[in-house]
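Presented below are the structures under discussion, each in the form of structure tokens.
One chain, chain A, links the two complexes that follow: it is found with chain B in the first and with chain C in the second.
And then the complex of A and B:
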């Protein structure tokens, strides 16, 4: 390690390659952390985890007993085992005793992306609440038509502060914090919406996955979705650079425009009615392509915004190329995935590994070859959510056994952990 | 190639053959480029595995059916699953085989070579012509227009009528005939979409799901939930017309069973997850 640092100092290795070598070394060797422990106050299964995006310091968790807790993952509250194990208790926790707390399970808890002064929780009691962190009071309340499965805010947004909410209702609603009202709804799904994610490359693009198996891309400035992912539209791996690309996808998808052209040829289809000229946004509702054979239970956009990983209740994971809308046919070996609850997946910082909760274990897959590189077994029951912190190269997972586990590399860190000051001498 | 497959007996040797073929023949070119003629003359290793398994398909006396291979069987006999998926996609686009979605589970797919599928349709056509006098020209239109054009496992009603009307005027009775012949099945979720299906496969699918359950329960009843492969292969399943090698490959590929190497041979164990 010292030799590598000396090389970097002398200029023999470039800083970027040094950094990526260190981070990939740490993230490829994850085990149950032997120096860090999070003491979870929850009495129900942990449904959602998120570390804040600004500092990477506070972990927000939402659980099925309607409680929400915030942990500081960088400074421990106490030390055990002679300073070897850092215990992190909650900075504060909101449970059912709170006046304005949720009544049923909290299914999603996310930080306001700009700073940690606000956080948003969504629950099965049909409400989305916006909380002030310092005073732990509810600032805003949005009532949804059904159980809230997921809420998301765009990390890139500079001109809007919309919360996209996926509920068991077929419409995706956008709630505006600035005005306290709903800004608009996106319709097109034919069943509840289990996963909602904002794109990491554009502040206007939203990706939703529904219980009908469809994944739709919405530009919130326009009506209707502009792309529906179809699992039969495939491409073999990464797209080639523009000059050498050859279009191997021969057949055209049947869209509303296609039907209009065919009608013009004078043939009427057997049972169908003549299509009225529809708004192009509404035509997307006719598109019934499915991305999975069951419900879409989890989705994750990679950091560079180019690929989407989706998990379905048909126990398949699919990797999609967002720009071309094709299935890249990478096969991730999963025997079973949870089907009733949405799962939260994570990708490592350089998008090399994907962490997916598969029943009681969390499997780390190599994103492009689909091989299982690590199986992390530690939870006693099903794992619901995981979050990879790229600052510390650590993985936090939460499951039905009410625990939040920390997985980190077992190599000793260079900076010595702070030990308690045991004697009476002043330092 | 055919002789070699007939003579060697054990499943493990078959898998070793598939692995050898993997090392000998490269996969058909760089998968990203458009397939050229010289690439499609070479065997990709998924293709070798498909041909070998097709040759091993058990003969069933009661039902006349052409051999098909399940996707999970391919996963268990070729190491890299992504490569299997991509090669299947290339072969499908080259019109060498067709993939059908089965209703025996969440993600079951059956792969059949195109010649076999067309033979199966011929058989069904002949049987229908003998039995009733209703016009079977729809089956001809189906073969000529729909199968060539539509490569996915499902088709929606509008497009089906449009493609069939290339042959003549389409009536509702025609679609009913196709469904009765077993070539199409309606989707449960969406009344306007149909799955392509293999005719006469019903009893075999029942045998498939019952055979899976029987084999799994056989292993689960044992004390340590495992058994040596050699004696396991010799057993016969009561409820399934398909042989045990078929079911073993399928269950290993779908992850319900796993194999371990021991000094005395391969052991098959129920995987817990």
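And then the complex of A and C:
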């Protein structure tokens, strides 16, 4: 560690490589943190966790008892065991006693991406509510046609303030905070929508996964979905070979379709690409393509916006190349996934690890090889959600046992308690 | 690596051996061996953790239970073991507490409940001692407690509560003592005066009495001088001295009655009130905790002086021979004190052979004669057997009076009852003279109503039970072949060793001991006894039979005792056997590795023994199958067969899809 710092000081290592080395070192040996307890006020399973994107300090959790809570993960409220255990109590919690609280389970709770002044909760009582954090009052209410499974806001958005909501209903609705109305209704799925994700590379692109097993890409500036992921369209490796790509590019320019390349997401060349563009509603054959057998229960776009990790009720994880729309055929080791509920997955900051709730454990997969690198056991019942805080290199997980657990690297904390906790052989 | 493998061979069989038992605890030797092995080798420790977790998965609660006990032992000792096990704590809890519905605890339900309660108890213990260091333990504890709402024994809390209660109690008693001390401090001077006054008065009374005594003594001495020549005989002299001594005692008569009464009164006051209160204060002073130790010491000293003084006076009173009141019988309120003082009263009576005890004895004798008249049969039968049970002091006193002693010898001891209440008087009783007014609306009351004496006697007729004299039947005590003596108790003939004859400690017959050969001895003894048998009259036999029937209760008790002994002996034998087996195992384990022929042998032995043990483990699991069960089983089988066939055909394509989704 010190040598690396010295190297960095001397300029032998570049800042980026130094950073990635440190962070990967920290995130590669996560353990249940003994020094950081989050005291959960929830009386039901924790369904959603998110640390705010601006400060990386406030953890928002939504639980099945219709309660929402915010924790300060940086500063503990009290210490126990002679200062060895830091207890983080909630900064505030909204439960059913609150006048405007949800009636049924909160399925999703997300921060407004620009600051921590607002947060959004979606619930099984068909409502999406926008809350003012400081006054803990509802500032906006959206009535949805069915149970809300997942809501998302684009972390990049500068030109819109849309909440994408996946519900029991087949249509995905975009709720505009600015106007308080639904700005879009995206139809295409044939069943409820369990996951909703905004692309991390383009503020206009939305990815939704439905109970019909399809993952659809939407460009909110245009009507209809522009891509349906098909599990049978595959590519080996991370990217198509450069050679073919350049060739196709050449072809494209030859055919005079260059204008379309300016889209943030390039189109993969293929047979149907021309027709695709001509018919935004898609051909029926492509429209029926599925990404999973069964429902898509979770999806996560990597931080660089190039890959999409999806989980289905067929207990499979698939990694998709967003640009080509192909299944990359990474063979994730078999794991049993929860099938009835949407799950919230997380990826580490450098997109090296994917954290997936697998029943009672959280498994960390190597994103590129699919191997299990860690199995984090701590919950006593199924895990629903996890969130990786790239600022602290900590993982937060919430499960049906009402706990929110903190997983962090054990290295920096080898201190006082070790002395007390020793062998005790009397005979 | 090789070493690790080598070491690995050691701990695994030990643990398996330890968990392969039906006992409710781990064999202490094996446990010790496990601890010793694991203590010095991390490799062994890891292996032990692995083995224990594997054993936990066995489908038998007994195995899990014993493994849990070992886990606890190691958990409380080794840090490495803790850190290994904590990672799998959820698994461990699932397997031991069985909180998951799809993973209930396995078969013997009795052991399963113990296992569960023990696991919960251990978790609590671990949480209290290591919860700070391991988040997992805290989590598990919290989950079981707050989510599943299992009842934890809360040992520590209880202990703290009990401690608290005890402390409070102590505080309270201390407070009371302090209060007592304060009152004592206030009252001491007045009490002192009172006691002193009483003592002084007693002394004065005694002085008066002793004055007379001296006078009389002088006169006696004169007499003695006068008659010295007349009585030369030693015995006569002795008698005379005795009588003189008797005469020395001051007897109560009309002129000194007042003095005696006062003395008695004062004595009573002294003994019943002052002495007791002084003793109480002393104990208070000893127990109380005060800062002023000097004051306490001085007070204590004073009180002890007082006590000694009182005792001295008491003794003096007793010696002086004045008739002293029987204190406790004078209607004290506390029953316990009555009991307690009994002995004291007797001693007083013994030392002072004065008028009153004599009177008492006389009345007793009189009553006994009455009893004889009334119920001669009882008297006769009981007299001899109970004679020697007469209280010592009575006997001693009786010695002085030959007539009374003779009477006493004859007197029966009656069981206590209401009939003793009006023993002597043979007269009518007034029915309506009980100190209460019976004038009421029921009509006029006849105050002169009389219950005739005959009627009273009839009402008070005391019934007594005939008690059979208990006879100890001698054991046969013939020498047994396996050593020891025959413990059978038969009246005449032992079915194994012939007639019962007196024998010495080694079992040789005492009668024929002079002859040289044992066989002949026994033969002659047999003949002899046979002869004796012939001689025995039928009458005697019948009597004996009756007695035998009566003693059946006794025989039963004896038999039970014998059985108990036998069981105990069997148990001991079993324990010995087991100990030997364990020793053998320990020896095998301690030999370095299972090398060569010996090792193979050992393994064979181990396997065979484990096989035999496994039988017992399995037998714990085996359910009792009834006819109903068998029928339902058969029905189920046919149903299940159909179901599986249907399922198989149905699930074929689905399975295919599941199995090969990535192949295309």
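Definition applied: the second predicted complex is superposed on the first by the 366 of 427 C-alpha atoms of A that agree within 3 Å, B and C clash if a C-alpha of one lies under 4 Å from a C-alpha of the other, contacts with A are read in each partner's own complex, and residues count from 1 in each chain.
The criterion applied here is as follows: a residue touches a chain if its C-beta (ideal position, glycine included) is under 8 Å from a C-beta of that chain, and two chains touch if they have at least 3 such contacts.
As the structure is a prediction and not an experimental result, all values here were calculated from the model.
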{"item": "Which of chain B and chain C A:293 touches, first, second, both or neither", "value": "both"}
{"item": "First, second, both or neither for A:377, with chain B first and chain C second", "value": "second"}
{"item": "Touched partner set for A:85, first chain B, second chain C, both or neither", "value": "second"}
{"item": "Chain B versus chain C as contact partner of A:72, first or second or both or neither", "value": "neither"}
{"item": "First, second, both or neither for A:330, with chain B first and chain C second", "value": "first"}
{"item": "Which superposed partner A:314 touches (first chain B, second chain C, both, neither)", "value": "both"}
{"item": "Which superposed partner A:168 touches (first chain B, second chain C, both, neither)", "value": "neither"}
{"item": "First, second, both or neither for A:232, with chain B first and chain C second", "value": "both"}
{"item": "Contacts of A:402 with chain B and chain C, given as first, second, both or neither", "value": "second"}
{"item": "Residues of chain A at both interfaces, chain B in one complex, chain C in the other", "value": "232, 293, 314, 316, 329, 331, 360"}
{"item": "Chain A residues within the chain C interface of the complex", "value": "32-34, 37, 80-82, 84-85, 231-232, 293, 314, 316, 329, 331, 360, 377-380, 401-403, 405, 417, 420-427"}
{"item": "In the complex with chain A, residue positions of chain C that touch it", "value": "32, 35, 39, 76-80, 82, 87-88, 90, 93, 130, 132-136, 138-140, 142-143, 147, 657-658, 661-662, 664"}
{"item": "In the complex with chain B, residue positions of chain A that touch it", "value": "212, 232, 234, 236-240, 244, 246, 248, 250-251, 254, 259, 262, 267, 269-272, 288, 293-294, 313-316, 329-331, 333-336, 358-361, 369-370"}
{"item": "Of all residues in chain B, those that touch chain A in their complex", "value": "31-35, 75, 80-82, 84-86, 89-90, 93, 101, 106-107, 149-153, 156-159, 161-162, 165, 170-172, 175, 189-190, 192-193, 254-256, 271, 273"}
